[in-house]
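Going by the order they are written in, the chains are A, B and C; count residues from 1 in each one.
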Amino acid sequence: MASLTSSSVFDRVLGPEEGRLVRVGASLGAVIAVVVLASLLNVSLLSVLVNGTQTGVVYALVALGIALVYKSTRVLNFAQGEIGTVAAFVVYLGLAGFDKSVILQQNEVAFLEMVGWSILAIMVGAVLAVLINLGIVQQLQNAAPVTTLVATIGVALLLVGAEVLYFEALPRSFPQFLAGGPSGVELGGLCLSTTAEGACLGAEGTFAVGGVNITYQFLLTTAILVVVAAALGVFFRTPAGTALLATSQEPFAAQLSGVSVTAMSALAWGTAGAFGALAGILGGGVFQSITPGFMTSLFLVPAIVAAVLGGITSMPGAVVGSLLLGIVQTFANSAVGANGWSVPGPPQLATFGVLLLVLLFRPRGLFGKEA
Amino acid sequence: MATTTAPAPSELGTDDPRNPWTPSPAGRIARLAVFGLLMAAAIAAPLIVPDVQVNLVTRAFVFGIIALSMNILIGYTGTVSLGHQAFVGVGAFTAAYILTNVGLPWLAAVAVAMLVGALQALLIGVLALRVQGFFFAIVTLAYGLFTKEVVFNITALTGGGAGAQAPRPAFVEPAADYAGSITGDVRYAWLALAFLAAIWVLDWRFTSSRGGRAVQALRDDSRVAASWGINVRAFTLLAFGLSGAVAGIAGALFASTQVFVSPESFTLTVALTYVLMTTVGGVGSRPGVVLGGFVFAGLAPILTALHDTPGWGVAEEGGEGALDVCATAPPRVVAGVFGLVLLGVGIEAVRHLALGERRTHVQRVLGGLIFLGAAWLGAVVGLGGAFGALGGYCIFTSITPLIEPVIGVVLLLVTLIQFPGGIAEQLEAPLRWLSFGKFHEEKSTSVGGGSAAGSSSMRP
Amino acid sequence: MSTIDRISSLAARQAERGGATPDRVPVLSTRGIGIRFGGLQALQDVDMEVNEYEIVGFIGPNGAGKTTFFNCVTGFYKPTTGDVFIRGERVTDLRPDQRANLGIGRSFQQVGLVRSFTVLENLMVSQHQHVKYSVAAGMLGMPWSLEEEATMRERAFEVLDYLDLLHLADERLGGLSYGMLKQVEVAAVLATDPDILMLDEPLAGLGPEESEIFGERLLRMRRELGLTIVIIEHHVPFMLRVCDYVYVLNFGQLLAEGLPETIRTNRDVAEAYMGEGAATLA
């Protein structure tokens, strides 16, 4: 179904060099338009940026896994979110001393204990993903792509079922890594909103930048994302990473040069599973509560869309797409909220809109290679 | 019909491909008889089931139509649609709007729903010309969510969260003084069956004439198709338009089944159900996908009945009431079903080990049927449980049914790995027989069984 | 006029051709074709003329731009510079399917067939542009559509018979060897009823004897079906024997063109192919 022209509109109208100039111009124009739009719509841009990034960062961790799996095995893994839920439940169980009737209190959870259980949960996530890869995805190598997609949907449902089986469909409190910390710290000098006592707005465990609350958990999540992304960048320069890239591009040639396609496929899934687990543990912290299936119902679809925005096979693209999507969704919500419009479903509207806009101009995503 | 002076079939050798194999008169009668029985079963189904379940049969027929619509996209064009619930929903809300706000007759409402369905599919199809493959699948995913959350919540058009009324046509309602056993529900089920049959025939003709062939050629290689003079854009859009039109009709029928339509009927879960039923049925195979549609149509309602919980649409934001109902009545039926499933799988396993390659075709088909019935029933019930959980509804609290989601999905996965071509692959031999071919194909040149599995495995 | 009509009214066609001089306008020509992919100038300033009933060959080392040139001529690439003409009419802006309608039929370097169809079904789809009944008539199973389908089937069988491929009619492509697939592809292209047949490496997968037979068949097809043929092929002796005129591409530019005999003794061509110092080809 390949259309016969799929290069960027700019590239076709102009040469590639001019196209690049236009693209930079368009990006600048978009930024200016957003700033103007924000002031017209009474939306606090800073607050949108911060809150949007907060969601976007979790999207990004899920999206990285989806992109990695797609890049290496051409499979859309619908179970990517649920691996995270399982990991979150592993951490929950560990912290609760394997007694699921315990209600976790944030202030009773030791930071190091949580880190320990998280490391275990991440390993569980990686093993789980490898098992899915070996047990199902590799068995369906010759089936239609949609069959593999359905199989991963099946895995997601299986995991949800297993969680319901043990934990029941009830919300359970879930801790953040860093909930405490000094409160009311003010950075940025510009304090738009102050409390009655004259302090800068900032609840406990947060500090305020220009009147916007920022939690320490958010800073940690962002830091983790940066570390993960950097580690991935380094990984792709190691021999194993190069082999993985080679396998994804030319499986047959890679096999001829002694790379095991099976092993590479499992490696990619395992890494993605670890990301998914990390996302689950941090995602649980966003709402400080977890239920069976929460990663799938809250984060999976936005993460898939974000990965596609970024070009699906590009890791930086997945991160940029996630942040963009988080910010756009938050912007839409704030714009509707601030003006009292009765527009139903602003995040979905924004998601569809931004996806259309990006793909119409770049049919293979922001960072995708033009075919 | 032949206009040229080709040699008469009798002059050709028996192995000449110009002289295709046809069944003997007896074989012909046998095939027609089985075909007739199947038709009779479909017609009799609404009469046989208890009155309260007639709408479930209607729902199965409508899901069959939806599966055919999905099949045009997934099977013929190779485009995965993850937002097909929007296609169906647009038809449903259009029909409801025409019926209640414009007041046109029912058939006119169906026609408008068909046109609007085709139109919105064409708009999405225009995107498919530029955005392809995986990227396009995700566009449909976002389109589905956008339609459900935004478009279907525009109160002026759809009644918003409160939903819209979609009365049934006057001609299916029995006269006031009518005292027979054929209720309006049964007549409506037959109406749905008639639509299913008509669309089936149209779809069959489509695939065996120039339009369908061109579309399928595009799926395999658009460059080759273009080199043969096939207009890539026109035929891509044609497939989208047809799929949307069929989905529009299905939506109109769906709306009038419950006489009411609400945005909650078109969630992401529903879209995934459509993908599941098409894949499980066997992408590219008409009987396969329709059977898949039938099986999955029963998913939510059967579960609801088994568990004696409130209907899914109603139990949304379930609260205390739903929980209470949940906690009651350990469903023995489910335990029974699972006993059967395990029995079926056991029998099939023994059969496989004991007979292996020496099985006759009849044995193989019988074994396949047992496996099919057992595994898919288990899968469906299990999937229903898991979907319920994903929707946040409380369904399981007692011990027995807790195993459902797990076993069900395990069965689904095991079966998919065994038969990537789904139901169509499992039933390949009898289906071929029924369509006036040989029961057993000597030249097993087709790879992977199901037509879709075969085609995709050969794709580079 | 359909291929089958030609086959069955062979005598008529031969009578028609006897004495008639070929068109003065070349049936297929290009002027100054150039195409650039990013920084790579894949083709530059390629002029070509193909007269009616000629067999014209394109040879050149791998990566010389032969297939790219085919793609420009058949409409899959839009050349950056230059124009393509069919019977003197400029077609540079037409889509591939529109050019197919003007009588260009082509094969692909990787086999250009519908993989999920049987051989017969492939020959049915490839007749697409000559089908007269509408899509709607086909869906409704109108009598005339069924009649035409039957005729199409006959034609498909006749083309298969003509190429001695009849025994493969009901085969699925998965079971066929590469060489066979290439032959089936030629059958499918022939069923599109082209005036100009463009073949991209048709000998791939064929042994020497089969190549021999294929060469004979090409000459026969040109004679009996009145085809104009353009071929890309690596097998130089074959090309020099079969072709009326040969173009040599190297690094995206025309290195030489001429009658096979001139090409054989062209020093530049020999060097490009055989390395420094070679004086003649083959």
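We take it that contacts are C-beta pairs under 8 Å (C-beta built on N, C-alpha and C of every residue); 3 or more make two chains touch, one makes a residue touch a chain.
All values reported here derive from a predicted model rather than from experimental measurement.
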item: Chain whose Cα centroid lies nearest the overall Cα centroid; value: B
item: Chain pair with the greatest number of C-beta contact pairs; value: A-B
item: Between subunit A and subunit B, centroid-to-centroid distance (C-alpha), Å; value: 33
item: Whole-Å separation of chain centres (CA-atom averages), subunit A against subunit C; value: 50
item: CA centroid of subunit B to CA centroid of subunit C, Å; value: 43
item: Per-residue overlap in subunit C, given as positions that touch at least 2 other chains; value: 76, 95-96
item: Residue list for subunit B, restricted to those that touch at least two other chains; value: 219, 223, 226, 232, 452, 455
item: In subunit A, residues with contacts to at least two other chains; value: 4
item: Subunit C residues within the subunit B interface of the complex; value: 4, 74-76, 95-97, 100-101, 105-106, 108, 110, 112-117, 120-121, 124-126, 128-129, 131, 133, 135, 137-141, 145-147, 149-151, 154, 157, 166-167, 169-175, 188-189, 192
item: Residues of subunit A defined as touching subunit B within the complex; value: 1-4, 6, 70, 76, 136, 139-140, 142-147, 149-151, 153-155, 157-158, 160-165, 168-169, 291-293, 296-297, 301, 304-305, 308, 312, 343-345, 347-349, 351-352, 355-356, 359-360, 363-365
item: Residues of subunit B that touch subunit A when the two form their complex; value: 74, 77-80, 127-135, 137-139, 141-143, 145-146, 148-150, 153-154, 160, 218-219, 222-223, 226, 232-233, 236, 268, 272, 275-276, 278-280, 283, 382-383, 385-387, 389-390, 392-397, 402-406, 408-410, 412-413, 416-417, 420, 422, 448, 452-453, 455-457
item: List of subunit B residues in touch with subunit C within their complex; value: 1-4, 6, 16-18, 201-202, 205-206, 208-214, 216-217, 219-221, 223-232, 238, 443, 445-447, 451-452, 454-455, 458-460
